[in-house]
Structures are given as structure tokens and as C-alpha cells.
Amino acid sequence: MIRISDTAFDPGAELTAFEQNAANAGAVVSFLGKVRGKAGQADVSGLYLEHYAGVTEAMIVECERDVSARWNVDDVLIIHRIGQLSPGEPIVFVCVSAAHRREAFEAADFLMDYLKTKAMFWKKEVRDNDEEWIEPRDEDYRDAARWREDE
Amino acid sequence: MIRISDTAFDPGAELTAFEQNAANAGAVVSFLGKVRGKAGQADVSGLYLEHYAGVTEAMIVECERDVSARWNVDDVLIIHRIGQLSPGEPIVFVCVSAAHRREAFEAADFLMDYLKTKAMFWKKEVRDNDEEWIEPRDEDYRDAARWREDE
Amino acid sequence: MARLLFFGKLGDLAGGRMREQSLPKDVVTIDQLIAVITADDAALGEALAAPSVRFIVNEKMADAGGAISDGDEIAFLPPVSGG
Amino acid sequence: MARLLFFGKLGDLAGGRMREQSLPKDVVTIDQLIAVITADDAALGEALAAPSVRFIVNEKMADAGGAISDGDEIAFLPPVSGG
């Protein structure tokens, strides 16, 4: 399930709904990404995120299919914010349930690498005196490349 | 923080408290382990877990210190059930917050390997017609061994 | 009329996320469209021609030589940054 | 009196998680304690002597040759299974 929304969400409530629905899963891994209040030395006053409505969702659905083909997972939930966000607010929340923990960990890790380097979101950091459209860090690309060789 | 308890807990509420307290963390990874209703073909009616009060906690605190020495994490929460549990109930919940996601993922993964193969818990599976004290699977030991070479 | 979409920093440069533009008869590839835009707005044109920019035509990935025609939706994508 | 603790399947075999036992004068190692227990209860003694069983004396890891004395807390641990 994929949900892209311009309103705030509550990761704890989402985890509760997800795990109670994962009746026979032994393992549930979640990742929560939050807006940080600092970027290096600079104070961050907020983020602005945009996406390509329709296309972004369709590509994430395809990525979820890849995950299901590659790992034995029971269920996947992806929530991603767009719009204006303040420091401390959730940006992204990924939940994966599976029979065993290794699969849940790997699938969640893979989905986050996808969302960071391939999913069609654009993020502007608004700082005290300027603003900047963020691009993936080198380590984000390296993380994403980990999955390539055994594909 | 480590909490071993013989009463049920709510992972969603725990995640909410944890992540709201992780004010400047960019990444929060959680792992939830639940009682599965099946063990192979057999129906599982419940689990019974015990620990070595005092010693189990002290060793987990030491493991948390290892995690802090090895990864740049902000905070760690470990909740582990003992006593009688029914299928679907949470057994273990681990949360790790960090500035960046790779550290949060690795530390949570490491902690789960520790809890599965080294922490002093003993788990009896109660099935329809028999019961069995569980021991780690071969793959649990293999997972735990991943962390050894670069220690 | 083609529908042009600009995301991220390209939207800021273009002064808007979307514009409608009729394509001259001899503009049949993305490259050629970028040349037309550059004639009007050199800064935007240069940004659109950067090697890191990708293109989507009618919701499918395309390359700079990809065919376009009036009525298409043509999106210009700078490097993404989700999560 | 020593305080003996049996966890997991060892507790089931011993018929209880805890027992108090006074150690004979010549019982000064865990090995020797297991021999005493075996004389009384062969099944339990054999289980305690299994290579996978670990020992904790006064909250510190010990090996089978480790010294014990009256008043110690001696714990017998089968393979763990948390999480």
C-alpha cells in the first residue's frame, strides 16, 4: 500500500494498524524518516516536498512488486509526505511484515534506498537565510547500488 | 533503555513516545517480533518466556553500550516480554534513532541478532498436542556471526 | 498544445511547475524543444540540458532524442530527493 | 546453602526453577556439583552436563571447572531463545 499525502500522519498509529493486520507475521520492520532541525551548522526551518502525481505512485507500486518478487514478505506500507513540513515532522514511513526478520529488514532497507535515490520526489530545504533543492548524497547512491549485483 | 515485562505492551504507542522524544534524529528504525500462530504445520496456542532477572538486563545494557560504541546512534529502546503470550502478541520491540538511516538499520539488526542468540531468554512453544523449548535456528547463528569479523 | 512540467529547482527556474506551449512544426524531439526554450530563457534552457536531467513523455521515460508532438505531456526531472 | 537456578528445559527437568542445596565439603567445582546431582537424578545430571549448557556463578560466567562454595548462586543455562 502506498499513500502520498500533504497532511501530517502519526507513525505510531500507522504501526498499530499495520501490525494488527499482520496476523501471522513474526516480524515487522519499520523505518521512520523525520525532518531534522539542523543541516550541518545551519538551522532548518522546514522542508518543501513535491512529486509527480500519478507517475510517482505508479513507480512505487512497481517497486513494491519487485520487493514481493525478491523477498518473502507478507505486506508493505509506504507513507510519504509532500508539501510543507516542519522540523520533527515525519516525512516517510515504511513498514514491512514477513514470517522472518531477515526478509523484513532487507526489504525495508531496499525500499528506503529506492525512496531516497529513485522515487520521484523533490525536496527543498528552507534554512534561516537561504533555501536549497536537495540531491542524494554519495552514500545514498552507494547504498542503493548494494542491491544491484545480486538482482 | 531496556524494559522486560510480564504484561502486554502496545508497539505503536511505544514508537510514538520514542520518536517524539528523538527530537533531532533523522531516522528511526523499529523491529517488532510477534508470536506466530503456526510452527511449520502445527498450530501454536502460545509461548512461555522466562529470563534470568537482573543478569539478563545487565547483559543487554552492556550490549546497548557496544551499539553506542560502534554506531552513531542517538537512542535505543528494547522491550521484551516474559511470561505467557498468545499468538499475535508482541514479544520484542526494538527502536533505534540516529542521524542517518544506515546506522539505525544496522544497530537494530545487530540488537535483534543479539536478542535472538545471546540474550538470556528461554522460550517454550505450546502447541496443540505438545510443547517444546525453542533453540536458535542455524540461520540465527549465521546472522549473529555477520557482525563478528569487523568487530 | 504540449503540457510542460518542471519539477524541483527547474520549477523555480521556470517560474512555475506547468506551462502550456504549442510546439512549432519543426520541433519533434526533446532536444529541439530545449533549444526553443533556451532561445527564450537561457538560464532555464541550460538547466534543462544538464546531463542529470531526465525526461518523461506521456508518463514514460524518454531520452533527449525522444520524439514529442503537440498534445504530449513532457516532464523535466532534476535529480530526485525523497525520504 | 548454595542457591541453584535452572532455566528453560532444565527447570522443567529439575521440577522447579530454584532449589537450595548445601554443598558437601569436597564439592568445590561445578563439575563436582553436577556429579552429586547426577547421583540423585541421572536425567537431570545428564542434561546439566550437556556441552551446550553454560554456567553463571554469582552473576558471572563460569566454566565447568569453575570454583563454587556454599552461599553461591549457581545458574545452569541451556541454549537461549529470545526475540
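Chains: A, B, C and D, in written order; residue numbering restarts at 1 for each.
Just so it is clear, a residue touches a chain if its C-beta (ideal position, glycine included) is under 8 Å from a C-beta of that chain, and two chains touch if they have at least 3 such contacts.
Just so we're clear, the structure is a prediction, and the values are computed from it rather than from any experiment.
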Contact network partition after subunit B is left out of the picture: A, C | D
{"item": "Where subunit B and subunit D are represented by their mean Cα positions, the distance between them in whole Å", "value": "27"}
{"item": "Centre distance in Å when subunit A and subunit B are each reduced to the mean of their C-alpha atoms", "value": "23"}
{"item": "Centre-of-Cα separation between subunit D and subunit A, whole angstrom", "value": "50"}
{"item": "Where subunit C touches two or more other chains, by residue", "value": "83"}
{"item": "Contacts with two or more other chains, residues of subunit B listed in rising order", "value": "33, 101, 112, 116"}
{"item": "Every chain pair in contact, whichever chains are involved", "value": "A-B, A-C, B-D"}
{"item": "Residues of subunit A touching subunit B in the complex", "value": "10-17, 19-20, 22-38, 88, 90, 99-102, 104-105, 108-109, 112, 116, 139, 143"}
{"item": "Complex contact set, residues of subunit B against subunit D", "value": "33, 49-52, 54-55, 58, 80, 91-92, 112, 115-124, 133-136"}
{"item": "Contact set on subunit C toward subunit A in their complex", "value": "5, 7-9, 11-12, 17, 56, 59, 75, 77-83"}
